[in-house]
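Two complexes follow with chain A in common, the first pairing it with chain B and the second with chain C.
Our next item is the complex of A and B:
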């Protein structure tokens, strides 16, 4: 946008020769401007303006029906004392705990597995990837029946082989979040696999050959070479799974409705409840900004560290 | 023989993990042919002994399922087409054209990637209420006409294409549009395939946005429709039939464009 502002003021002052220069620039780049202007307008209306507007909203009482009023810091103060809001942040952190490391670990394991030279590897790589393209709604529909909380549930049936009695799963406030995390692990570890797979392919083979000559075992080679050289990938995957975990909504909405006893009320689920069920748009904006700050900090951390190259 | 034997544990692990990953889908597929009213008291309730198409018939007759599929197709294909076109065009402009403020504008647009959708949806809801866009296709389609990630992918790809062909075409007197359509666009096909695949999957699978903007049952895309079916029916076979129908398009896209999908993930992650 800066470009246009300066171009306009320059036009008004109209130094001799400038009009000619602008004309030349237009002749050279008319194509660019014809495409760019509508796109930037679209960007202003659907991205930049809402971003600013939601900040203003967080200082307003904005019911959908009725008059909007300036509320000062009221919404932000409410947030500080809102135990449910803090619980929702805690729940989201708990979800991250259950979700991030398993997704990374299983993804890495799958990547190691499918990078083995074998005709079957390609086929299984596809199989492990299928959940990634499947919607949360479909997987949630299936999960509801696998983790049914009585003795006819499929997972409870499997547990019974090991002499474990039927678990409640979705109606147990301790287990519900674990089951939701398992769904996300299942859905996402195929994409962490692909990142790790690309990382593994980029490790030069001569390193392994050298280590072999030195008599290193497979186990040592994994921890000393593979794991260490995958550091940038670990970092990238950790950040994107973390950002994803803070935005978890679909499964909590579909399977538990935030329950039991608010045990699966995540930040975004609470935001949805406040904004679109309770129609408290101002307060929901505060929650959205809290989410934004968390995601922003994580993204900036990622920017800072991802720039570093690893040299082999 | 010893070599094959050495490989055996590997194949066993492949197969076991494969079974874990496929089981939910097998459950869904088999379950969709299960009779209504089959006793649910058995943990093997999902295996139909007399497969039937009843569930599929029921879904189309008792709910707006056909309409939801149509809505989803429309709400997916229009943004995918627009995003492909604009990702190509903008990717080209940001990679190859020299104009004032190019880098500033590009990185300004990129900065917004960090803003979560959930933050923008509240002000957008108020805006769209004023526009009269709630419960219209426009509320979903218009904001999705282009995506900066797609532009980014195409730009990165085009930066690697040498300028020779483009320059030769200009010398031969080709205009901007011709150079773009006849030279750059065909060259960028792999990147565009990635953009299209990603866009399709994310539009088709989106629940949050249409849940908020499309509240009339006739306007539901398949995600919202299926979720209403899940909470309303509580009938295994019918739910699975709905799940199968909403899974098929993404699965087909995956089958045909799998390569671009995995390459795109690697491209966006490693080389950024």
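Our next item is the complex of A and C:
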């Protein structure tokens, strides 16, 4: 240990040249760099370059197939006055409201259910996870079938048992977003279950034993031990469900085409429409950056309030 | 030593991976490229002469088309393309034709990105509302210079017009598909009407609709989401004597005929002639198939399904209120403006859309030929014969660079109206304003 310290001090005092330091670094970590090359290349080509290119595009008029022209801040100004863009952001926030907490809550509930020591726990774990590995297109088809907005729909048939008349679901601008969000909750809560299950398994058993000795009820143990010690999982799940909710596109594309009357036009669906149907890639890039900033700000806020370290 | 060995091994693995990628790419290129690149002068000489002689054309052209038939008939379609290429090469032996079948799904994005990156096809397929948009962006080459020897009068007028934008002919049609109301003959009888005397006017249809609803059936479908507006609003609008754009390009969607059409749709909804979920439904065919609906808006494809399902159906005439009109799409082939061999590509499009090839293609795919001289191929098939007759009054949608972008906006206003958030007058006005806004973005 002492020898290392002496050597470091000697190096600092000698201040070798950049070439020498690079050479030393290469000799020390060459293998790491060779292995990293493909990952870094992938990152540069598919992440960093598009990020920079789309920023440049946001100042251009580029119809993909025609000539790109410099447009200054025109696209950014258009965004400020675009009623539909603001509505799509509002819709996305509404979707997040319907999606994030239910996904977390149901995921936690399922995790608690499959943590119960039972021979069937493994079976149910698989059952709850099936929607996660099933294609979104397939699940969307099932959802369209269940929530058909006339008396032939399965859910409407079930409602009729309770004397409730047929609901329009996707054809009602007040209900469409809720039904879309429920589809995403159904699809994703299997994933959150897995994260919560892993979190539950990492909570030391002695905490529960101590609580039991102190006479704590199951309810108290859940809120005072389980829920609190799952904070890192809450943070992670909250981040990925929030990001996921702001990127929602497939269900709006597959089931409602953003309707009725723009009720399910989310920011990504609107971005797609502007970019690939309207061929206004410059404006679509502005929308992409707006989405980027929203997700960044939300992630920072969540990190501030949820991202605390937990000590067992 | 061990560390160095691992390092060398990693570099070796990477080198092999790169070589493998490279050799793959080379192999593909070798398989698909002609033995030698065409001399630039040869293509240039071909382009400069309006009707080039066979020997003057050389080089390579790439043709992108789609699976127009089901899996079972895929080999027959491939044989069709082989025959076309063989015919073309008999006339132009120095041109190599590279044919690629592109799936229907997301074909537009594939074409756009390929053309943007300079690797796109020389010849590709378009439908009417794409041609003005692509032509407006300078993606399509005008074909007028190559059509001196083409018998354009033989094309159905409407079909040929679908490939014309700004006075220039950008596309030659190969197929037509027309849409109309198809009735369930059993339901027609159940409401006390004669399937041999189908409605021809709005008034007649309205009377039937009342009867159908009173017997517990839906009168017709109205797929307010996906099919808007070619299969929903536009045919009704044209039949009422209205349109989205006037001849001079001004927006007339909210004129008297336009508002009356919006009102008619609202009435159909309120009177329950169409299902309650018509606001945003994409497909109400199941309701028709299960015998809950008197009429469905359909095409030749619908007829095929009804034959398979053994449904007793009758094909209706396009209805008339003031004008007899309906929607019918047109399939066309175009030449890319970026093509390095435009003359050869244009000659290919001409050959592909000639009488013989239209007959062979449409017989196989069960579409309607876009040439009058090929119109008799469905004579033995009553349903397709009827569809061919209807094609005479078919319109290819709205011919404008904004044709595709205005549809979701109009659809949203119809939805707002059906939900009761806007009156027909307000919805038509808002839809017209949305069209104006889109036009202003050009």
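Quick notes on this one:
The working rule: the second predicted complex is superposed on the first by the 254 of 312 C-alpha atoms of A that agree within 3 Å, B and C clash if a C-alpha of one lies under 4 Å from a C-alpha of the other, contacts with A are read in each partner's own complex, and residues count from 1 in each chain.
To be clear about the criterion, a residue touches a chain if its C-beta (ideal position, glycine included) is under 8 Å from a C-beta of that chain, and two chains touch if they have at least 3 such contacts.
None of these values were measured; they are calculated from a predicted model.
Because the two structures share chain A, they can be overlaid on it, and in that overlay chain B clashes with chain C. Put chain B and chain C next to each other and count what each touches on chain A; the higher total goes to B. Residue contacts after overlaying the shared chain place A:64 against chain B and chain C alike. Within the superposed three-chain model, A:137 lies in touch with chain B and out of touch with chain C [touch as defined at top]. Legend: residue contacts after superposition of the two complexes on their common chain; A:152 is shown touching both chain B and chain C. Residue contacts after overlaying the shared chain place A:256 against chain C, while chain B stays out of touching range. When both complexes are overlaid on chain A, the residue A:273 reaches chain C alone and has no touch with chain B. Shared-chain residue A:171: touches chain C; no touch with chain B.
Of the two partner chains, chain B is the only one touched by A:289; chain C is not. Of the two partner chains placed by the overlay, chain B and chain C both lie in contact with A:31. When the two complexes are superposed on chain A, the residues of chain A that touch both chain B and chain C are 31, 35, 64, 152, 276. Chain contact summary for the complex, chain C toward chain A: residues 3, 6-7, 10-11, 14, 108-109, 112-113, 115-116, 133-134, 137-139, 224-226, 275-282, 286-287, 290, 292, 404-405, 408, 411-413, 415-416, 418-419, 421, 438, 441. Put simply, chain B touches chain A in their complex at residues 7, 10-11, 13-14, 17-18, 21-22, 24-25, 27-28, 31, 40-43, 45-46, 86, 89-90, 93, 97-101, 104-105, 108-109, 112, 114-120, 122-127, 129, 142-143, 145-146, 176-177, 201, 204-205, 207-208, 211-212, 223, 226-227, 230-231, 236, 239-240, 242-243, 246-247, 250-251, 253-254, 258, 261-262, 265-266, 269-270, 272. Across the complex, chain C is touched by residues 30-31, 34-35, 37-38, 63-67, 148-150, 152, 166, 168-173, 176, 256-262, 273, 276-280 of chain A. Listed in rising order, the residues of chain A touching chain B in the complex are 1-3, 6-7, 25, 29, 31-33, 35-36, 39-40, 42-43, 46-51, 53-54, 57, 62, 64, 110, 113, 116, 118, 120-121, 124-131, 133-146, 151-154, 156-157, 186, 191, 194-195, 197-199, 202, 232-233, 236-237, 240, 246-247, 249-250, 253-254, 268, 271-272, 275-276, 281, 284-285, 288-289, 291-292, 295-296, 299, 306.
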